[in-house]
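Below is one structure, written out as structure tokens; the observations come after it.
Note that the chains are named A, B, C and D in the order they appear, and that numbering of residues resets to 1 at the start of each chain.
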């Protein structure tokens, strides 16, 4: 069980709702994953097209919706999107994403911190997507964010924990949940993130773009559990040398 | 389900029985892992000390025993140990291990191939532990081994898939199960091995030396499932570039 | 040759002056490295202790001094230190370092950008030390910094290019020199940084803490040259498959 | 300076002669690299086509020729090729290569050891190309090879030190020169091999296939020197934590 703001979750896997071939496939993947928190882009909320409605089925599954501001290029756009989302979805939870760069979708640390500070004051429960920058994460905590979501690699890149050495420091220093977001392309990446001590991971592309999103969602769910269990049980440190066992000839001598 | 020789297994996690604090703890870990195949060193078979008996409880759990020749320094010692094991345990299954080097316990390719060839002729079902050498693995297949067990890293080192680039070639070329053995120190390592296409993995130190071997056994079981499911569903290739989504400003323009 | 502001340098290796056993050893290492730009902490400028004077010998060697604000915890402290340095050393060149975190010495993106903007207006030639954050580096360029100095790993950690995937993006997007700073613990790390397309690297701990700083300085100089030459000549892309050559039997057939 | 058999070399970079656009370019690259030992495939020795003669110019440069048996699929073919080479080139030096696998050109450990043993008895100075297998390398030493040439990655793959963890053990255990061969795609890879303690490296594809083989040869030469110097000077161990310097505020307090 882990807690964000006033809610408790049993699943440590968060899903994104983008890039699925259909809303139905998205729902099936969400169900297979056991996920309780789904992020969705405000710009994709096309409430006028009921056949594309992502929201109703998620609500029926008692999923906590986490609208995100993907596509916002600065704090002003993000705050505007947040207000829209709060009104449309009746939730003050928000994944804050600000990326002026259209090629790698890298988050802007300055605008993100400024927007986070304002959104907290406006009553939002803010989970910012950010670079794997230890000082930035500390500052986001200080302005009242309820969690941080540093990236493992570029969004959609499937490269895994490219920022591992920074994530270790972020997790060591954080006094709130650290959710690794972006770049996790395989269940082993998600397990490794949890083994580092992440509170949770968010996965989208690797599941939604899979040939079998439902199976892949289940795979990630298992991997997240595996990594968490191993973290709690305590992982051994890699050793340079093998642990020598007694030679077989000793045994022969005992015959 | 996967097959070795004439037996079918639903679990793709194999366990070693060494280094556990007690036989009871070993049994509990085996049960938690769902494992159906356990390797045990012939030299540890001290049948005269019933309180240390590893074998009876495993038999009661319907585990396929896989005696190993750990400690043998050449083919002759390994074959002698194999004969002892077959008689004592009433099984012709054998994990062949020959490591003349007491420090890193690295397998000897020459003696291993020679012993494998003879043991197959002697009616053994041979699964050799070997270095991650693609040509050696092909030759072990050609002399009649039912699987190969190339190492991921030095035994007990917990370093993970250090030999990944060679394992990829071995798996691509094999027409029998490839079981990654040695060096897997975390569930994420086991998941990564399965994602590569390994048929199974064998884990011992990382579970037996954990503070909580039972929990760690469950963690590895989940990770192996996760990696296998992902392999079957098809993993995406890592991308250099992010997958750009349409900018938020496009959305604003539609209001 | 590469240019920073109005100066041209033939050496792409920058040195730090900290942690050397003596000022003399520092000078010898600087000479062995061929370095033309040395950074020194303003707080170490103890002009009242002439025997510890780092500055005079560097000036005599025609080294461009690059005072740094190491130890500053916010923009205000950094600007104060910069003013002190300009007066004491008669140079407006400045390596901007702001790290509130005493354990990992990670740079603060917010304070660094704010200080950079002000220092540029105050007439400084600003080279900021920063996290490997592509958007931050772009912003530092936009406020008038003459180069950026993203970290490869934590200062003094010797871990090498832990932030490689982000550095690639930074280099691709930059229109000013990118100088990789911090964490380079071996010449191979420096060569790899140059092969990525970095304009230069800065090394301190790995040289100053070596058993033989003068030899290590020469080693890094060679590695930087090697990496730069390779970058210009064009590196091949890693291939999954070997390049097959014609089999020897074809040759035998021609006999 | 390092020694193989009865010859002493000042350069620790060995070159392969294959894949160059022309013999002249090969010579220029050899000259730029400072290399004193060049390997060439016996099957490429087309002595009847004088315009393609690789040998005469190398002899004029006082290069030690190292004919190789590339393309041989078993010990018999390799020994035949070795005899041909000894007669044609008037040298008993031999790089032994046996790779039955045409796709990845992986060496065969069994045939290689058998051929090495015979070739040593036949008076050859044998340097075998082999997988990064610590026990195999020890055995090759025991049968009288003067050096071992374990692979870093698949031939021509440019992937670098994929077998690093095994190479470390090989180097630690060897009492003869360890020359890292195959897979080194960038000067940083060569430097890293030397930093591990390799006696030398052999490079071919990365230089011959470069847009500018002469410049690339020089780059590798610099990198090999850098890695060797650093190895001798003693490299620092990577640290998890930064080395904290005294905070700037301490300095402020002294004003």
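Here is the rule we use: a contact is a pair of C-beta atoms (placed from the backbone, for glycine too) under 8 Å apart; a residue touches a chain by one contact, two chains touch by 3 or more.
Just so it is clear, the model here is predicted, and its values are computed rather than measured.
Among the remaining chains, C is positioned farthest from chain B, on the basis of C-alpha centroids. Comparing the contact residues of chain A and chain C by number shows a mostly shared set, over half of all numbers used being common to the two copies. Averaged C-alpha coordinates give centres for chain A and chain D that are 45 Å from one another.
One simple way to say how far apart two chains are is to compare their mean CA positions; for chain B and chain D this gives 33 Å. Contacts with at least two other chains are made by residues 104, 154, 157, 159 of chain A.
Under the stated contact rule, the graph of chain-to-chain touches is a ring, a single cycle where every chain has exactly two partners.
Under the contact rule stated at the top, the pairs of chains that touch are A-B, A-C, B-D, C-D. On the side of chain D, the complex with chain C involves touching residues 18-19, 41-43, 69-73, 77, 80-81, 102-105, 154-160, 185-189, 191-192, 195, 205-206, 209-213, 215-216, 218-223, 225-227, 229-230, 232-252. Remark: chain B residues 99-101, 104, 106-110, 113, 131, 133-136, 138-139, 153-154, 157, 159, 162-166, 169, 173 touch chain D in the complex.
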